[in-house]
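Letters A, B, C, D and E mark the chains as written, and numbering starts fresh at 1 in each.
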Amino acid sequence: MTRSSLFSRATQAILLMAAVLLPVLGIGPYWTHVGAIAWYYALLAASWALLAGFAGQFSFAHVAFAALGGYASALCIARFGLPLPIAIIVGIVLAMVTGALIGALVLRLSGPYLALFTLAISEIFRMMLIAEEDFTRGMLGLPVPGLFPGRSDLPYYYLGLGLVVLAVAGMNWLLATRVGLFLRAIREDEGAARASGVDTTRYKILVFVVTSVIAAIAGIYYGHFIGILTPNMAILPEMGLVVAMAVIGGIESLPGAVIGAVVVYLLSESLRSYGEWRFVLMGLALILVQRFAQNGLFPILEQWSRPRRIGRSTAKTASIKEERHAG
Amino acid sequence: MPADNNAPFFSVEGLAKHFGGIHAVEGLSFTLSRGEIVGLIGPNGSGKTTTINMVTGALKPTAGAIVVEGTDMARSAAHLYARRGVARTFQVPRLFRRMTVLENLMVPALSEAAARHAASETRAREVLAFLRLDHLADDYARSLSGGQQKLLELGRALMLKPRLLLLDEPFAGVHPRLLDQIAEHIRSLNRDGYTIVLVDHNLEAVQSVVTRVMVMARGRKIADGPAADVLRDPEVVRAYTGTRVH
Amino acid sequence: MAEVASTSQSHDWPRSAPLLSCENLVAGYTRDIDILRDLSAKAWAGRISCVVGPNGTGKSTLLKALFGFLKPSSGRVRLGDKDITGQPPFRMLAAGLAYLPQRPSLFPHLTVETNLKLGLWHARPKKAVLAEKLERAYARFPIIREKRAQPAGQLSGGQQRQVEIARSLMTDPSIYLIDEPTAGVDPQTSELIYEIVRDLARDLGKAVLLVDQDIRAALAITDYVYVVKNGAVFSEGAREDFGSDTDALVARWLYASGE
Amino acid sequence: MSYFLLLAVNGLVIGLIYALTAAGLTLVFSVLKVVNFGHGSLYMLGGYASYYIITALHVPPLVGVAGAMVALFIFGVVFERLVIAPMYTDKVERKDEYAIIVTFGLTILLTNLGLVVFGPFAKSPPSFMTGALILGPLILPYDRLIAAVTAVVLLVGLALFLKRTSLGQALDAVSQSRESAAVIGIDPLRMYTVAFGLGSALAGGAGALIAPIFALSPSMGDLPAVQAFIIIVLGGMGSVGGSIAGGILLGLVQGLGVGYLPDPNRALAYTQAFGALLLVVTLLVRPTGLFGRSHLRLE
Amino acid sequence: EEPIALGWVGPLSPPGNYSGGQEMQWAVQLGVDEVNKAGGVLGRQINVTYEDTKGQPADGSAAAIRLITKDNVAAIFGEFHSSVALAEIEEAHKYGVAWVGTDVWADAITAKQYPEVYRLAPANSLVYVKAADWTVEQGFKNVAIIAENTDFGQGGAKVIADELEVKKVPHTLVTIDLAQQDFTPALLRLMSQDPKPDAIQMVVAGQAQYQLVKQACQLGFAPTAATKLIGSSGLLQKEVWEVAGECAKNLLIVNVAQPTSQWNDKTKAFVKAFTERFNRAPTGVAMEAYDTFNVVVEAIKKAGSADRGAIVKALEGIKYEGTNATYNFPTTKAPDWAYHQFVDVPFTIIQYTAMNQAPGDAAVVYPKKWATSDKILP
């Protein structure tokens, strides 16, 4: 699995450098702001890629976890007057518990049933956010205090970037251990994985917990950064956007998902000047990218750079060996 | 593994599986002593695969007990069987198709908590070499030919270092030359103390490996005993072998 | 690559026009790896041609390429004197080519009977014809009759194989491509299946291209043998040229097709 | 009492129309294995298509519905051929997921194109029939009655088509195995196109039936799309009968849920949640929905 | 010289009320073109960046930040949704940029008393106290309030409810979500009450009202002799006739525009220009939007520069005659929402009396001084 070629590591390093340096090189407050939001999506897309791309658990509740984290933290402050760090911890713990619960509930579900079960859960949660207006302020939007004084977005930008790097590194580490192997085995054939001695229940719950926590952290970050939360952060089109980002980047690569998120979000921002045509173009772009870069962008990037076929024994060499046997 | 042939380390009592009205397995009982190598044969649909599914936890029995070293595991999850050293292959290969051949073997190898990565990989490569799949180690499992998939299926079970190995038609679709080698390997595993249950329709091959044969028909066991005797049993001939084995 | 050409002159049907033939076929699953490398083979009406060889050598790939699942990068596939290279697979049945793949190919959620009926989907048969063909299939494979109302996915492995064979017998093509028909099938039924395959050629004049690992049983009914290795024909020859000693023949082919 | 009756009937009627949307979605899913995010916008297109057909050609509203279905069938076929079909080459590793993106792109594209092209102001085709059926305590606007009846007719027709015709069987076959279908002479790609076309037509038909009831807007498909997702899973993927049952059940539960919850404002806010909750409970008990095919693998 | 950059915010796509947003945007465009044609302000052209806020608070705050940091606007104006406005003013306040609201009614907007925030539209308390009093005057005994779940809806409903409470008129409140399409369950609930409400006050913006009108009417509930139906400005768009048909007849509408009889020359010119250019008659919202833009322009003139702080200051002392009223922004802080709140908003209740009627031809039933009819129709 950890076949990440020298190039892809180099590209990642370069991109990371760029991400670190760009704001100080003067992209201006606006693009810093945009970048900081892009990190929110990057966290979601990367963790969803782990959940769906690697573990095969196509959950549609991922943005709901972001909302859960965001609301939990904001409400702890607004309603119970808890200090910020405690509020954040509450958000994370809540996501952990809920993630485990959902992971346990979906144990028997697969494919579309899992996807739509989680969609339903997510909708119920969103409905609650709307309906329990007295507590959540519903569609009015819940104001959230900021994390940093002053009005610069720079600290948020670097916080977001740091979270993305941490999350991706953490998840990649997880994938490099046997857990990664087991998750993919579960995705391929749960029964066969069990027959191979893998405690599938445990790992499925684990992956839900890990990814839910990351989603919740993303939501907490987003809430405190944007300063207002509405139930709409968990609507289906938002989920669709995260899926699109992950898939466009290449669903089986966490850095790929990050790149996908950044590309898609920047694209949607830069199309802004087209006014009402903006989303028309956005939709068109999604379709076209998919039509012509069918396995996602990241694999293409990797392919360009990689010398033709390395390190993979091919059937050609296979048959040569076969000949030797025969001879 | 010491072969203490007296202690029945695995036994099945009154096992049954019903699918709606279909009684796929009914009142099946047998014991396996440590180190035994047994053939399980019977016509298509006689309940062999269903039996394997039950005694590895993939299917919950409708009734009956499955006792492994004194504990009834009839309600246990599949991975617990694997942890206890009960491994199986699938009749139609169920590989991790979008994982490489090597990774397919690493999954069972690492499922044991104490397993080390390097040692497991060495062993996996040994198994691959034996199955003549070593040149395909980095290919996706789904790109294997039909026969190669069966071999990998076998390899995956071997990686669990099982004490009881249940093989569901390991010979089907395998070239006779390789078949002979696999048969030899199964014999040698048995010599090393593995207990083995072999399901296959290639009676010649089964006979060359096992010492005892159980025959199923319509979900029930109709014969059980030394291979030579059982295969000459007229009822077995009528129900199953026909004219093919003499 | 050694060509074990036949030395005997007694039979010249192998030189007659084949019903299905491929010449210098090159094909593979990915662009840079060829599995079939310059492979030529034939199937004659009324004859069974058998393809043997080690695992992973390209036998199934050959059938897939003939049936159109793989587009050859070079070489021709001819049906009679029609060039059918690169035709999509779903056209093949109508063109007279039936295929029994090595991998399971039933529709697991449909009943056994519906699966059988779908074998004739392309022909849109009359009800009476369909009923008669179904009856024939049931008569041949009693277990299928017993299970006809069950979803095919609930059958045992060998039972499913029987349904697949019965389904491919529903149609009346002139050529059969058969990949390991009896893998996983019990001995009695295997015997029946080899009889059926033999009758397809002998009595009904079909051309059969049979891929098999049960070399003994296959050679017993075969007319012409191809040993495939590394995606090309390693040796070939007519069955008749070797007299009637099947065991000797098997030993010989086994040697040739082994590793 | 009559209050609950009215709620139940109203829920039933809406549920049936959503069931029609759901049937299209389930058809596309089961054959192409594509979760069609764009279904709601096809529904929207259907509504506008009928509007323009009716106002431009001055045909009766139901003819407009039929016209919308034809138009959407054509749209679906063209879209599938242009954008989805090319993905079914062996080059593409995970077709299903990529198809999701395409349909997601489609929905963004269509909703916003709808805004640009159809304008931001509400439109509504004429009623099928003005007035309401009044039977004692029961009040049912004719528009809704006619839409529900038409939906039932279309759904039953679809079920018969899938069961009885050879094209229907081919669709079912392809839905289970693309390769096996080719082995028996069915062109899977053609079936994909047919299924997508039919799915679009059904979505369009539902949109056209709703148009006189709820009026048209570029975003009119958002809510029914989520409802349709819930219905197909509730009923069981790939089952038209399941969609009907799921739609009715969803409609009833949502209707009556509103009635039985004591706090009126909460009750209304939770309307959609009742359906989702129903789904969650159903799946926990039956992981393949009410009428779904359980998982079978070839042995 | 560089053009002066201004920022407009408002809903132009779902789930916002984009039809209202569109009207507002057109009216602003008209104003911009007029000003620029006349040579601009302070000799500089004006360039307005239009931000679509989709009716979403989060998009609103993002839009405000974008306008302020990227487009460097001198002032922000517009908006239709109160909840979104509340998010936007936080940013405007943070950066010290003037924010002038067009058609947002929640009290809270001005009640925050941010120096940068000004409002041309009425506060809920301004309008709905009067509306409630009017229902009492009309002798309604059982009022139902249907309110959307936004700051506008909830705020407005509360104002009405409080006033009815004071006047001891029984009332019920039902909250709806704008994403819904079928309001039948809500209506059935009201209908099954005993006694049935004799007036329904809808505190709902935009097109959801069409559904409410149509569905209430199809149930035989309202507007009927027994139950009156009172709505808000979304119903002034002519599409109400297409969607609700006969059902819209006898509808009552709370309108914050002057009746035709009171139009000044500016109003007439604006209506003419708008109708010619966009092929539809403007509703009150368009006039407010046009006036908002001109108020901002006036402030720039008065400030003598496009400096953000100067504009904020200049707005405070402004007196500008627009199409709909003559605007000024008091600095009193009692009641809290009165700060920078324009108070003399023209306020009428009109009633459609015939199919396909234009709002200008509808009967004015309130206030007395402008009334064209003294009784409301059944």
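We take it that a residue touches a chain if its C-beta (ideal position, glycine included) is under 8 Å from a C-beta of that chain, and two chains touch if they have at least 3 such contacts.
Just so you know, these numbers come straight off a predicted model, no measurement behind them.
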Other chains in touch with both chain B and chain D: A, C
Can you check which chain pair, C-D or A-D, has more C-beta pairs in contact? A-D
Chain whose mean Cα position lies farthest from chain B: E
Per the C-alpha centroid definition, the whole-Å distance linking chain B and chain E comes out as 76
Quick one: chain A and chain D, Cα centre-to-centre, how many Å? 30
Distance from chain B to chain A - Cα centre to Cα centre, in angstrom: 41
Quick check: how many Å separate the C-alpha centres of chain D and chain E? 36
Of all residues in chain E, which are in touch with two or more distinct other chains? 12-13, 15, 149, 175, 177
Which residues belonging to chain D are in contact with no fewer than two other chains? 111-112, 115, 222, 265, 269, 297-299
Residues touching two or more other chains, restricted to chain A: which are they? 130, 133, 138, 276, 279, 315, 318, 325
In their complex, what parts of chain D are in touch with chain C? 90, 166, 169-170, 172-173, 176-177, 179-188, 293, 296-299
Can you name the residues of chain C that touch chain B in the complex? 29, 53-57, 59-61, 102-104, 143, 147, 150, 154-159, 161-162, 179-180, 183-191, 213-215, 254, 257-259
Touching residues on chain E, where the partner in the complex is chain D: 12-15, 18-19, 21-22, 149, 172-177, 179-182, 184-186, 188-189, 191-192, 207, 210-211, 214, 218-220, 237, 239, 242-243, 245-246
Interfacial residue positions of chain B with respect to chain C in the complex: 19, 22, 42-46, 48-50, 91-92, 132, 136, 143-148, 151, 169, 172-179, 201-203, 240-245
Contact footprint of chain A on chain D as seen in their complex: 29, 35, 37, 83, 86-87, 91-94, 97-98, 100-102, 104-113, 115-116, 222, 225-226, 229-230, 232-233, 237, 265-266, 269-270, 272-273, 276-277, 279-280, 283-284, 287-289, 292, 295
